[in-house]
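As written, the chain order gives the labels A, B and C, with residue 1 at the start of each chain.
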Amino acid sequence: MTSTILQAINGVSLAALLFLLASGFTLSFGLMRVVNMAHGAYYLLGGYIGLSVARATGSFALALVAGGLAVVVLGYLVDRFLLRRTGENHLAQVLLTVGVAFVIGDVALRIWGGDYLKVPVPVALRGATELPGGLVYPTYRLVLIALGAAVGVLLWILYRKTQIGAVVRAGVDDREQVAATGINVDRLFVMVSALASFLAGMAGVAGGAFLTLYPGAEWEILVYALVVVIVGGLGSLGGAMIGALIVGLLDAYGRWLLPEFSYFVLFAPMAVLLLVRPRGIAGKEA
Amino acid sequence: MGRTRAVVLAVALAAALVLPFAAGPFWMGLATQMLIFGLLALSTDLLLGHAGLFSLCHASFFAVSAYTVAILQVRYGVPTALAAPAGLLLGTVLAAVFGLSVRTRGVYFILVTLALGYVIWGVAHRWSSFTGGDNGVTNVPFPGAGPLAIVSHTQYYYLVLAIVAICMLGYRVLVRSPFGLTLRGIKASESRMRSLGYRTGVHLYAAFVLSGALASFAGVLYVYYNRFVNPVSASFPISVEAVLMAIIGGSGTVIGPFLGSGIILGLRNWVSSFFELYAAVLGIVFIATVLWAPAGIMGIAGQLRARLGRTRTAPA
Amino acid sequence: MTLVLFRSLVSIAALAALGAAPLANAQTGPIRIGLLPPLTGPLASPGKDMQDGFTLFWEQAKYTAGGRKVEIVTGDTTCNPDQALTQARRVVLQEKVHFMVGPLCGHEGPAVAQVSKETGVPLVMDAAGADNVTKWDRTPTVVRTAVSSSQIGHPWGEYLYKELGLRNVTFIAQDYTFGHEITLGAVRTFTALGGKVAKIIWNPVGTKDYGATIAGIPPDTDGVSAQVVGVDRLRLYEAWFNFGMDKKHKIYGGYWMHQDVLPQMDDRALNMIGNSLQYAAGLDTPENKAFTEAFARKYKRLPSWFAESAYTAGLWSKTAIDSINGKVEDRAAFLKAMRTVQIKAPRGPLKLDAYDNPIQNVYISRIQKIKHPVMGEVMVNVPVKTYTEVSQFWTWTPEEFLKMGPYKR
């Protein structure tokens, strides 16, 4: 019984991290029809920069912000000078962003090296917390769950309860109409894109504190984020939340109960889902 | 075929034939790899260049056939005459199953095939009791059927060269056939084709299975070259690079995928020996291709030819 | 007059140079060695140690052997047999090395041995432990100077039973060749004495999350034995304390806290059993003291077994090359020399058995804080028990052992 609960919390903590990454990705697609395969590289770079900041200043909070902001700048440059030229050609986008990811990954390798690096966790968050029922769980991961939930709530309020959110939702539904009403769609894109980048970079710092950062991490995490977005539905924030939970829990339980088939447990249902219901749980029509 | 084309082809063929003696075992090995991965790239291009479908799971067929041959020959002592066809068969069967993905289109097709590719990679990686996991299968022998046995890398190179040449010819016939025309029609506008009465789903499925079969064939050639197979051969980078090779070289052509294979493998194996940031170089090549040469090398060649043609026929 | 003299001097010099040129044939050109460590990937840290140890040796030897200059070409294997194979082929075919040293990861061993078999280029296996290579699937051109995986597992099983008094052990292990062999070797000797295996939990190399493993430890086990590699060593360490396991069970390192990962661990590691290994940085012999001091002075850290093994491989190959007067082109002579020279390595006396694997000491070490002349106060693996002259066959005869077949999951 304890193991079952422990695995559930493991799953939810991974879900929190994946949500941070996937939410930006899915909104980018929903609004701008952009498939950005460099999202994993954004995670990695944000993480590494946050790592350096944390090592230099000793502040984890500063690292989170620094990682996020660094990726905002990078993301803007990629959007403005590269992605904009691809329009809605998904094939071109995939190729271009894979190329960007290769460049980021290699540069990061030269700067931070090939070893596994851990973002230093603030002393207050180290060690374990005793939960009701005698369960002991790493404090940091509980905090991560809280962070994921907080971001989720904030995004939800922004998306559903504010005017900006309404405009974004309208844009996801029908971009031309929104532009026709005189709203500066370009500026909207830049804002949403910046938010997505910030979350990705921040996720890198948060993830780097317990999953560590290393060459190749950008692809591993991207794959998970893609599964989340596919299962939840491209363009849906709620879908990203549900998808993240499903993927996190499947991963945790799959690894525990069927370690020989842990990838199968994750990807086979996704493939089946896609074949049966391509737009995922809450996505728009393709 | 135009005269320049024939000359270029003859020169290329001559170069390919004397390569082992002119350039030594390293370059010959690299050339063998370029041919094999070029074939894999060609298989993805049947879907991409002609049917408009971007598949990210072709490494699965490649790997499944490679593993089948490896396991049969190494673990069960099955001779090449049975192992190679078995590999080809199993890879094609998998393609028939994965072919269900043609029920989706566009970005969803990309994502479905991505997921399917990962399933196979995951199985290869984690079902270690059968596949050997990361250890893979070592010491796969050279192919041999009775008196016709390959005993050296040089012999194998020529065998691969011959087989790939035949495949290229067959592929050319296929894409110029009515079937190929239909595919390109679907790529241009599926709704139009459907309104004309074509069963587009069936055509796409057939294309998928054929392309999977070709990828499986590449896998069989691969395992006898490398004589080792492990989950890396089923991994996402292999699938992505196959498509990238086709695009860089020139999607929709027969030579393009092989040119692209040459460029990418050349970059990796040669540039990496004197320049550390070669992955970044590769990334820049992808970006440049998308932005400035979306039709790949063949596209550039075509543009050059057109421009030269224009200057030759000077205005009156 | 001076012009004529000058011109003739130049001509003489030119002629002399031309005359000298034909003498610069293969026998006096540099000796090229292909080093194959994993510089990226889950075992990047051990890979760096391997590279550093090898470099230290050749710097001390002024990059000469047998009267010739020595050049080292490096290929990053990323701890994957596919990449290892590619890099091995590259250093042999393109870089034309005279012999290879490496690889590090157990499962890369057979892949690189395959290249050695294909090309005839000798391989000095200075780290990869795959049992197969020196037992069932030997290649005449491959010599192992490090250790065979199960060689360090066998004494560990005995130590668990006899010295630690454990009877119901949970093993945390890695799911690849090396992991299988080192763990199942310990399981064999442990159970032969009467011990019971509570559970073996297998994880792939590079497992991100040890939470699942921790949750799976049976509550009635009387001890946990950890056999983990690379970055997993750190992740298990953190997960162990983060999940409060240190309050419930005791954990012992069968293969865990090597010197290269100790700097990332804190004082909670003190007094824990770190390893059952053919080397410990805290080993008190003059050779080891000299080695660790030189390593610490150059790299500002203490060497792990990967560094020592690479250093010793350098020493071993130089001794062999010197004994054949630098003629590494004569591969048979080089291999024979490798098989017959005796050296005094930092880790102790070494000699090869009939199956091309060293017979050597195995040290069970405990983490202690010592005052090092160069590093100051630092945590180190200090041997607390030594098993001497351990062969890869333990107490069995080679024939008996070979009949039992390889350790498989």
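Operating definition for what follows: a contact is a pair of C-beta atoms (placed from the backbone, for glycine too) under 8 Å apart; a residue touches a chain by one contact, two chains touch by 3 or more.
All of these numbers come straight from a predicted model, not from anything done at the bench.
Trainee: Using the touch rule from the top, work out which pair, A-C or B-C, shares more C-beta pairs.
Mentor: By the number of C-beta pairs in contact, the winner is A-C.
Trainee: Most remote chain relative to chain B, going by C-alpha centroids?
Mentor: Between chain B and every other chain, the largest centroid distance is to C.
Trainee: For chain A versus chain B, what separation do you get between their C-alpha means, in angstrom?
Mentor: Computed value for the inter-centroid distance: 32 Å.
Trainee: What is the distance in Å between the mean C-alpha positions of chain B and chain C?
Mentor: The computed centroid separation for chain B versus chain C comes out at 38 Å.
Trainee: Can you list every residue of chain A that touches 2 or more other chains, as numbers and ranges?
Mentor: 109, 259, in rising order.
Trainee: Which residue numbers or ranges of chain B touch two or more of the other chains?
Mentor: 125-126, 128-129
Trainee: Quick check on chain C: which residues sit in contact with 2+ other chains?
Mentor: Within chain C, no residue touches at least two other chains.
Trainee: Going by the contact rule set out above, which residues of chain C touch chain B in the complex?
Mentor: 80-83, 85, 89-90, 93-95, 107, 110-111, 114, 117-118, 137, 175-177, 204-205, 409
Trainee: Show which residues of chain A lie in contact with chain B when the two form their complex.
Mentor: Per the stated touch rule, the residues are 29, 35, 82, 85-86, 90-92, 94-96, 98-103, 105-107, 109-110, 219, 223, 226-227, 230, 234, 259-264, 266-268, 270-271, 274-275, 278-279, 286.
Trainee: Chain A touches which residues of chain C in the complex?
Mentor: Touch residues, chain C against chain A: 39-42, 44-45, 47-48, 76, 202-203, 208-209, 211-212, 214-216, 230-231, 234-235, 238-239, 241-244, 247, 264.
Trainee: Would you tell me which residues of chain B are touching chain A in their complex?
Mentor: It is residues 48, 54, 100-101, 103-108, 110-112, 114-116, 118-119, 121-123, 125-129, 236-237, 240, 244, 247, 276-280, 282-287, 289-291, 294 of chain B that touch chain A.
Trainee: Would you tell me which residues of chain B are touching chain C in their complex?
Mentor: 24-26, 29, 125-126, 128-129, 133-136, 138-139, 226-228, 230, 232-233, 269, 273
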